[in-house]
Each structure stands twice: as structure tokens, then as C-alpha cells.
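Here the structure comes first, spelled out in C-alpha cells, and everything after it is commentary.
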Amino acid sequence: MSKDSNQIHRLTVSGKTWLVTELDRKNMVQRVEVDDEELSIRILKEPSVDQPNLLASIAGRVFIGKLEESGEGSGYVVRLNGRLFKISLEGGQQKAQNSGAIAAVLGPMVITAPMSGRIVSLKASPELLVHEGEPIAVLEAMKMENEIAAPKTGTVREVYVKPGALVKAGDRLCLII
Amino acid sequence: MSKDSNQIHRLTVSGKTWLVTELDRKNMVQRVEVDDEELSIRILKEPSVDQPNLLASIAGRVFIGKLEESGEGSGYVVRLNGRLFKISLEGGQQKAQNSGAIAAVLGPMVITAPMSGRIVSLKASPELLVHEGEPIAVLEAMKMENEIAAPKTGTVREVYVKPGALVKAGDRLCLII
Amino acid sequence: MFRKILIANRGEIAVRIIRTCRKLGIKTVAVYSEPDIESQHVTYADEAYHIGPGQPSESYLNIPKVVKVAKTSRVEAVHPGYGFLAENPEFARGCEEAGLVFIGPRSKILASAANKFESKETAQRAGVPIIPGSKLEIEKVEEAEAEANRLGFPILVKASYGGGGRGMRIVKTARELRRAFGLAASEAEVAFGRSELYLEKHLKNPRHIEVQIIVGPRGRLVQLGERECSLQRRHQKILEETPAPCLDSAARKRLVSMALKIAKATRYENAGTVEFVRSEQGDFYYMEINKRIQVEHLISEMVTGVDIVEQQIRIAYGDGLGLSQEEVQFNGAAMNCRINAEDPSRNFAPAPGRIEEFVPPAGPGIRVDTALFNGMVVPEYYDSLIAKIASHGRTRDEAIQRLKGALSETIIAGIETTIPVHQTILEDEGFVGGDYHTQLLDNKISAWDFSPHVSEEEIAMLHLTLNYPSSRRDKIQLQASQSKWRTNPQIQPTPRKPLFVEGL
Amino acid sequence: MFRKILIANRGEIAVRIIRTCRKLGIKTVAVYSEPDIESQHVTYADEAYHIGPGQPSESYLNIPKVVKVAKTSRVEAVHPGYGFLAENPEFARGCEEAGLVFIGPRSKILASAANKFESKETAQRAGVPIIPGSKLEIEKVEEAEAEANRLGFPILVKASYGGGGRGMRIVKTARELRRAFGLAASEAEVAFGRSELYLEKHLKNPRHIEVQIIVGPRGRLVQLGERECSLQRRHQKILEETPAPCLDSAARKRLVSMALKIAKATRYENAGTVEFVRSEQGDFYYMEINKRIQVEHLISEMVTGVDIVEQQIRIAYGDGLGLSQEEVQFNGAAMNCRINAEDPSRNFAPAPGRIEEFVPPAGPGIRVDTALFNGMVVPEYYDSLIAKIASHGRTRDEAIQRLKGALSETIIAGIETTIPVHQTILEDEGFVGGDYHTQLLDNKISAWDFSPHVSEEEIAMLHLTLNYPSSRRDKIQLQASQSKWRTNPQIQPTPRKPLFVEGL
């Protein structure tokens, strides 16, 4: 723990990023700064291989934390009092924005279906110029129609699906260059 | 599956043993004899590494089976429609009875606490002769007193606990020779 | 009583019907589509049969298939639940012709009210007001303009053949009519195969209030009070309550007597719901009669103790009405939250997926109707309703407070749900004051923040859990293994509009 | 209203009290022993503090510790739940002296009724019959013989200082008295530190019926009807119901008026339960008054809609009685099953352990009060009650059928429970007929088979699941890994008798 002291961590949860700094630790009390608020965490039980739960209390409230499984890349899943939180470390949100910007510059991009469903309508057709945010397809799932917007400005090079087609999450819809 | 055909399996569940024989299998219908009753099992979905559930129906009733984890020795745990069943193969019950009988003949036996609790009273004392089924200790757990009976007739050689002691499941209570 | 019935539905309503059947000692037969094979309604039923792939048209809407399963499994009756084939006269006729009892009104009653004009004319003859509107099917925009001028703006353009919000448009001035009419007609054509439209006077800030009725043989009838269903998002009900907080006993009496008039005039049978609109001035207008069990029926059950599904089955069997109006006691207030698999922080995008953890709420006055369980997959083919969490209290305030507690206890992990929306609603002054209408949610919802609230304390704990020395080792091990957690796809869908706004 | 209260309890009752506090907007402070640190009552509370190791005497019964936590956490009141310190006058006094409101009767009322003779004399003065008995503390067997002859056999020998079944003996003939007296005296000495005994006339096949009362300031009082608690195993309640099936309205009126007389004569305060025995002839005899919330309070809540815990808190705060007798409506019937972590197929041996899977029942008329969750460990230190599964119906029959459905839906895997016992009871003719008494279960239970029923179909499926070719590979992999499933220990304990038969 000591090696991380005073280092600023960036935690992104539900699209919001917090700055977390570990301050000092005395006995079983760890002080932590979250954004500008200082909190004292009293460790009640440290995690072990047999008992992977971390038990601690803040201002009397007891929390049970457990690292569930790591996700892809910089993502983690932590269970806190039964609820699951997906966490990105080191400013995951910013990174996502950056990668989008890079893609816009770098060129060809395959648009995939964000969820399983049925293609209700398709605006993308070969050689069509599309602008970022412009709808290129409508996907029906759970009795709702969902617009799929172009993530970048460019020209549609190939279209892989037809209106009415059933697609699975991750299936290719079209290629924008 | 074919190699097991017509072989009689002994399944012990909740202390009762059934004789199970696999008869023929045509397409997705497996015929099985349980004791003297013949049943047709229609396989709806075979288990795979990704989808470990076996789905099948008997007389229209749908069952979802999953091998959960193997227990110790010949024990298995199967989840059937959400419920967990502990199963012994090859007549587990008989085996348990036998091992009891063998112990009675073979001699020294350490009696352990079947659950955590408090020793309320202790009848076992060194050199005491005890008969099978005779109470040797009373253990308190969940506000109930539970008698621990001697599993064999013999002489108490050593006593490891005192009245009032807190014990954990598996802790040694005494040695009977 | 019936020995065995088939439930031509899925999800929470199929499970709910099975529960009443178990109570009555009736065996149940479930049907399931491919993605539903491991569902709770399949394992809760005594028998279950596959009826096709995920697409509703090929399974739950496949009349010949469902009727065939009913016949081969030798059931005596069929309960259609809500949605799917529940109000389909062809399905009811199919059952009747196969010698099966359809648990609901007879096919000819379902068919007669399929034409909403006939139903409205019946209402008028019975002396129940309807919203002023054009009576005919309008095909030409000029005709619409003449009718609109007669009615006065604002008006509502609606599809003559088809239900709910599809093809519906509010037109505020004469100038907008031509464009709106064209768009609505083409939308109606696509959705229902018929482009005819009609016009209705548009009421400002209306309330949607409905009356639950149960009609036995020879028109014997009881009513289980009203349900206030004005809390809607884009014409879809979100939260329902009973009694309606805006009604005094005189207004309630007037409303109920209108509902009974409609039931009698239409010679209605079995359980049904008479829907009304209430204007800001307090006038009621008859809308339509829903000929099925409704999603929100449970709140009427909670205040009266009457099992509506049981009454449906008893009437269909021929046992008659099991209770008189005098036996129906109304106790306290009840309120229901529709929990949908939708992501409110991403404009209510559908959120199908695997349920990693489900912990339902419990305790005094709480009822949960759901088919959720740990590890199940919510399929993308069907309605997003995954649970109903309802509360009952001696007063409306008690019901609200209990519901807030219940929502805070509920854990549904793995997918996004509309629980944060309900939590926001239950804190909203307009809602808590009881003074709201069908526009409340659409007016306010864009200003609400539904990204799950995470406190500083939780952030500190998440950080510590992630970085605790002994956790780190696990972390490295875990990173090497395959993960079941997919990161969200980069491209997020934006829901456009609901497909079937059935107002279930 | 109180801003913050401490709950000096654990398990389902602590969770249930937290739910009412949430409803009322009161913050909660929980206390926990070491093995309870990950319990639901700890994470549901706003704050929670450790008060000692697993042994109750060092944690939940540790008065100075609990009072200290209450003071340092700055609560204004303490709710004791049931069991533990609930009726301990020293604890109530400790709270009072620390400036904390004890949610229950004042310490002097708890203390005065601790002497059961005083309480019985008060009853007699109020004109309420008590079971004929010896009035004094008897120390010598000769004295007992004289008293027994006066009363007539069979008689009941009971400990003067102590509760429930400890030291209790039924003596049928004069010949048996000497031996029974000696055994009972030494048992009482061990259990309560006092060997004095007293005698009571033993009634044949009695019923145990109790009346729920709530007393506000200045003796203002409401009653929430009776509860039939005769379904007992070795003097411990197993299943309770309301209304009592044996009572007609005249008998109910008589019973309730006796309960009210007792409440007034003892100047009782807050919620309490007046317990009666009913003889085969239909005569009621006052037993004692329970000065706490009871395990089975939920069935009275279900038929009246009154939140008894809320009333306790409001009265303690000084808000007075929140309702009048006229406002209390009785609707239908309710029934509660106590689900214990005990193995009925091994003579109800305690079955603590890890909950591998918990699926509670739900649906119309079902209420579940529990603190169970997936993965929790039921500790061996405390009472074996782990869940209450209750049903409400318009009729007793509906409540029974719903409860049967609910029990069949419930999954508690990992430990053994008494669910099979309840399932057998609900099919028992004597119980279903409503004609039963406190001996029913003890008379019948030895003839019942509680080994879980497994059907041929299930055996066939278990076999196939185990032996399916693609499963086999997993099996080998699994065998290599450590198992969390311990095989049952070879030596099984035989429960002798309950330690504290508190009749909670």
C-alpha cells in the first residue's frame, strides 16, 4: 500500500471520473481523499485467499468489497454490498474519447451491431457520405427501435446487411472510410 | 453413452439408493429404467463447455441439470431446476455403513465434533467403557443441545476437551479404542 | 375446475398465472421459444413445449402452433396473459374451434371491439362521453382540415387501424396539419398496412385512469376500483397506483358508473379494464376497453385481496362470479413500478443481457412479480418489462415510503434497468403531491440525471478494494483468465420510439 | 420522530425493523458479533458496530457494550427486537439511565411481570381465569404431593424462575411425582440457578392462542385480533395463523375482552401479546404477557395492514397511538411458516452452514421476512430461525394453498431446513380441518418421513446429468479441484432438547 501513497488515481465509474489519493494509514485506519473530500476508512477485515472480501467502515457505514473479475483492458468489476460496479482506472473515459478521435482521423471503420436485434431500416448505402452523429441504421430490439449513428464523418464503402435482417451483437453492419 | 448401456448404476440421494439402467437411445430420446419404472427422456439441449446445462424433458416436464462440482470420494453435486442434490454413485450408502462396521472391528477411533458449538457436558472419561449408541457428550449449537453418541463399543482412551469448551466442526473430542 | 391449462405467454405474467393455477390445483402447460428454454415459466410449469425461434411471429404469435400444443398436451383451456395473442380474435376463435376454452371474452366480443369506432358509438349510445373527434376514417388531408377546424386545435392525429402511439401526432395549429397528416399516414401504412387516420380533440395535461371490472355470467358484475396510470413515458405506462390520488368519492362514483355502463353496453365478459381520459377540468372521456389481464392488475389485487387471474379462470370454467360487490373491500393504497431492462442514462436504450445477480426486495407490504433469477439471460426479442415491484400501505404515503425502501434493497446486476427512474419519480414533488398527468414525465425526464449515483464513500471503497495488497495478486490471476464482462460496445444505440405502444 | 435508533438484535428481525425505520425516515445503527459481520442487517443499516465474539453472552446479551455503542453513535432510542435483551428489565433500565428511549414497556413494567405469580394474581383480581395451580414456590417434594392431590392429576411441574419448557414435566400419576420433581428441580437449578418449582393442572390437548395488543398513552388501546400458535414441536412454535380456526365470533369476543382486561390490570405499555391456553371444553386461561414484538407478528400485520413495529416506535417517541380500534379492519386469513436451519430427517439436528443458493418465493399474498442471501453463512451460535414465509388469502383455504405454492418455489441450498415439515403439515388432515392442538405435531411427527422426496424422473435426470458424455470431461476436471462440498460428518448429533424454549 505504501508505494501507492500520495499517488493520484483516476477512477471512472458510470461515466464519471474521480481523483483518489491515498493519504496516511495508522493501524487499521486508512485516510483517503476523493476529489477534495477526505475520508477515514476503518479496515474491519482484510481480504485473504479464503475470504476475498474486504470489510471496512466509513463513518459507521459498513462496506463489503470484493474484486470480482477483471474486464478487458483497464476495466475491473468490484462487488460492493452486493452491487456490481464496473470501474476503469487511469481515466478510462478520456481514453475512450481519444480513441474515437483517433479513429476519425485514421480512416476505415467497421460499424457493428451494439446488440442483437432486427434491422428495421438502413440509410447507409455504398458511396453515401455520412456525417458524424447521423443515423445510418435502425435496429429493433425489445419492441423498441434504436438508431445507430455514424461514429465519424466519412463515406460508406460497404454494407453487410439488408433491411429486415436479424443480427447479433458484434455483427458487422457497414464499413465507413 | 453406449459403453454404459445396460450397466446398472447405483445412485444414492438423500439416503436412498436407486438402481438406474440406461436402455436404448433413438435420436434424442434416451430410455432409462429407474428401479422398475421405465422413463423416456427427450434431450432438448446437450451440455457443452460454454453451456454446461443439460436440458431434457420427461412426460413434458422440463428439467435443467448441471454437474456443479464433485464432492469428496464418490460424491457429486448436481443442480436440477435450481435445487442442489448430493449424489453418491455405486451405492454410497452401503459403503458408509461398511466403513462404520470396519472401524468397529479395527480399533482406535477419534470422535470429532460434527458441528461448531459448546460442550455442555461430557460423559466420556479415560478408561470408561462405552457402548455403541451411548451418549458420550452433549454439544450445544443454535440454542439446542445435541447428543453425540459413541459410534462403536470400546474404551475411552483419551479425552481432548473439557465441559464448557468451544469446539469447531472437526475438532477432536475423544479417542475410543 | 379445469384439470390442466396452457399458458400462451412468457416471463413474469406466465409465472404469475402458474402461481394461481397451483393455488387452484390446476396443472399447467407452458410454451417457449428457443431463447426462453431455461426460463422460470418453463421450469415452474408441469409441462413445457417448444414452439419456435425467438422472433415472436414464429413462436408466441404463431396461432396454429400454440393451438396444436394445447391439443396434444390435452389441456382444457388456454390463458393468453397480456400482449402477444391476448386480444387476438383469431386466436380466441382458433381455441374455440379446437374445443378449448379461451380464458377471456369470446372471440366475437374481441372482434367487435377491434373496430374502435363501433366501440365509441356504443359508448355514446350508453350515454358515456367520448373525446370529441372525427367519426370517420379520413384518407384525404382536405377532409382532415375541415374536421380539424370544426373540432378546434390542438388536435390529435391517430391511426384508424392500430393501437397505442404508432402514427400518433399532436397538431397545435392549422399550419402544421398538412405535414403531420402525411407523416402519420405513412407511418400508419408501414405499421398497420392501412393509412386511414382520424382526429381527436387534444386535451391538455390529461390523466389516464382506468377501472378494473370482472363480469360473470348473465352480466353479473363487480368493479375493483380505479387505477391511475398517468405516469407515462412516450405513452408507455411506467408507474401505476390505486386509488387515483386526484379523485374524491363523488368523482370516483361517476367514473365507476361510466365503466359499468360501458361493460353492460358492450355485453362484456370476464376480466377487463375500461380506460378513460380525465381532462384538467375533471371531465371523463371513455377511451377503450382492454380485454385481458393487465400488467398493473396486481395493485388492484393488493387493495382488494381479489385474485383477478383466479376470477378469470373461474368465469371461463363456468363457475360464475366468485364474489359480490359487497364482499369487495378496498384497503389502503398500492403502487407498482415497472422495472424495464432499459438504460435510462442512454435514453432508455434496450438492455438485454445476463443477470449476474438478482436480489428481490421483501418485507411488509411488498409484492414482486417477476421471472428473473441469477444467471438467466434477458432476451432481446421481447418487451423490456422484467419485474414489477409493488407496495401496499394503509395510506398513499406509506405505500410510497415502502416502495422507496424496496427499490433501494433491490439488486439487479449485469444489465441496466429503470430502477433509477422510479427512484427519481418517488422523490418528485409533483408525483408525491399526487397532482400529475400524462405529460409530467416527458416534461421532466430530460432534466433528470439517471446515471447511477455513486457516493464518495463508495468510490473510496472501490478504490481500496481494487488496490488492497492481497487483492492485487488475485487481480493478476484474474486478468489472465477469460472475462465474462464485456466492455460496453463503443457505438451506442439511440432508441427512437417504442414499436408497439400497447399500454399493456 | 426519532432521527436515529439502534437495533439491539440480528437476523431477520433486525432487517425487518430497519425496513420500518427506512419507511419512517429514521437512520439505523446495527450491532454485530464477529460471525455476523457480513450479515444483511449490518449492510442494510446506516451504521454498524462490532460488539464482541459469537457467544451471545459476550455480544448481543452484553448490556454495557450495547448501551455504550448506542451512546457513542448518538442514537435517541433502542429497539430490542425479540429474544436476547428484548424483555430484560436491566437492559431497559440501562437505556433509560443513559438517556435513551427503550422501544417497549418501561423497565419497571418489564420487572414487575418477571415474577409470573404476581402477573397471575393480577389476572385473577381482574377476573381473568388462570390455570388452577399451586401459588407458591415449592422446594420440598412433600409440599408438592399435597398440592398435586388438591389439584388432581395430571399435573405440570414447572420452574418458578425461568421460562418456556426448561425444567417442565408432565406428571400423570402420584407415583411419578417424586422422581419428576427431583429431575425438574435439578434441571431448573442448572438452567436458572434456582430450583424452586410450582405445579399447574395439566390440560389435555390444549390450544395456544394469543392476542396482539397495542397500548398507547393513558391506556388507549387497540387489539389486532388473535393468533393461533398451537402448532408446536416440543413447546416451540412452528406455524402460526390468524384468525384462529376454532373460534366463533362469541368466543373471539370473550378472548379479546380478557386480553384487554389483562392489559389494563397490568397497566401495560406499547405492543405486547397476551397468551392464553384454551381447553378442549373451550375455556380460556391466561398464561402470560409477552412484552416485545413477536416472531409471528407479521400475520397480524397481513390481515390488518398495521405496521406493528411502526406503532412501537411511534408510541415510544410519544406520538401516541396512531390508530383507533374502528380503523382496524380484519381482512381474510394469514399463516406463517418458521423456516429453521434444522434437519428434520435427523431428528431436527441444528444445520448451520453456508447458503449456496437462496431463491425466495413471491407473488400474490406472499410475504418473506429473512436475512438470508446467497453465500452467507448461518452461524451456529444463534436461534435456528432463518426465514419466515407467510401467506395471506381472502379465506384460510386460499392462504394454505398459496403457502404450499410458496414453499414449493423456495430454494435454500447448502443447509437443511424445516421446509419439508411445513409441507407435510399443510397436507395434514388435522391441520387442514383446523381442528388441532399443541400435541398434534408431537403425536404425529415421529410417523412422518422428512427425507426429501426425490421422484423417479429426478433420479433419471440426475443420472443422465452425471453421465452425459460432455459432462464427464468437466467431472474429471472438477474432481482435481478443491471442493466446497463437505460430505456429511460420519457421526451425527442427536438433538436432545431445545435450550431456551422461549415461545418467541
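Letters A, B, C and D name the chains as they come in the text, with residue numbers starting at 1 for each one.
Please note the rule applied: a contact is a pair of C-beta atoms (placed from the backbone, for glycine too) under 8 Å apart; a residue touches a chain by one contact, two chains touch by 3 or more.
Remember, predicted model here, so these are calculated numbers, not experimental data.
Look at the CA centroids: the one farthest from the centroid of subunit D belongs to A.
Of the chain pairs B-C, B-D or A-C, the one whose interface repeats that of A-D, sharing more than half of its contact pairs by residue number, is B-C. Look at where the CA atoms of subunit C average out and do the same for subunit D: the two points lie 41 Å apart.
Averaged Cα coordinates give subunit A a centre that lies 32 Å from the centre of subunit C.
In this assembly, the C-alpha centroid of subunit A lies 46 Å from the C-alpha centroid of subunit B. For subunit D, the set of residues touching two or more other chains reads 357, 359, 373. In subunit B, 59, 61, 63, 82 are the positions where the chain touches two or more neighbouring chains simultaneously. Interface residues of subunit A, counted against subunit D in their complex, comprise 44-45, 53, 55, 57, 59-64, 81-82. Against subunit D, the residues of subunit B that register as touching in their complex are 1, 4, 9, 11, 13-16, 18, 20, 22, 30, 32, 34-35, 37, 39, 41, 46-49, 52, 54, 56, 58-59, 61, 63, 65-67, 69-73, 75-78, 80, 82-87, 89, 96, 99-100, 111-112, 114-118, 138-149, 151, 166, 169-170.
Partner subunit D is touched in their complex by these residues of subunit C: 15-16, 19-20, 22-25, 44, 298, 301, 305-307, 329, 331-332, 357, 359-360, 362-370, 373-374, 392-394, 398, 401-402, 404-405, 408-409. Listing the residues of subunit C that touch subunit B in their complex gives 29, 37-38, 42-43, 45-50, 73, 373. By the touch criterion given at the top, residues 55, 341-342, 345, 348-350, 352, 356-357, 359, 380-384, 411, 413-414, 451-452, 454, 456-471, 474-475, 478-479, 481, 483-487, 489-500 of subunit C touch subunit A in their complex.
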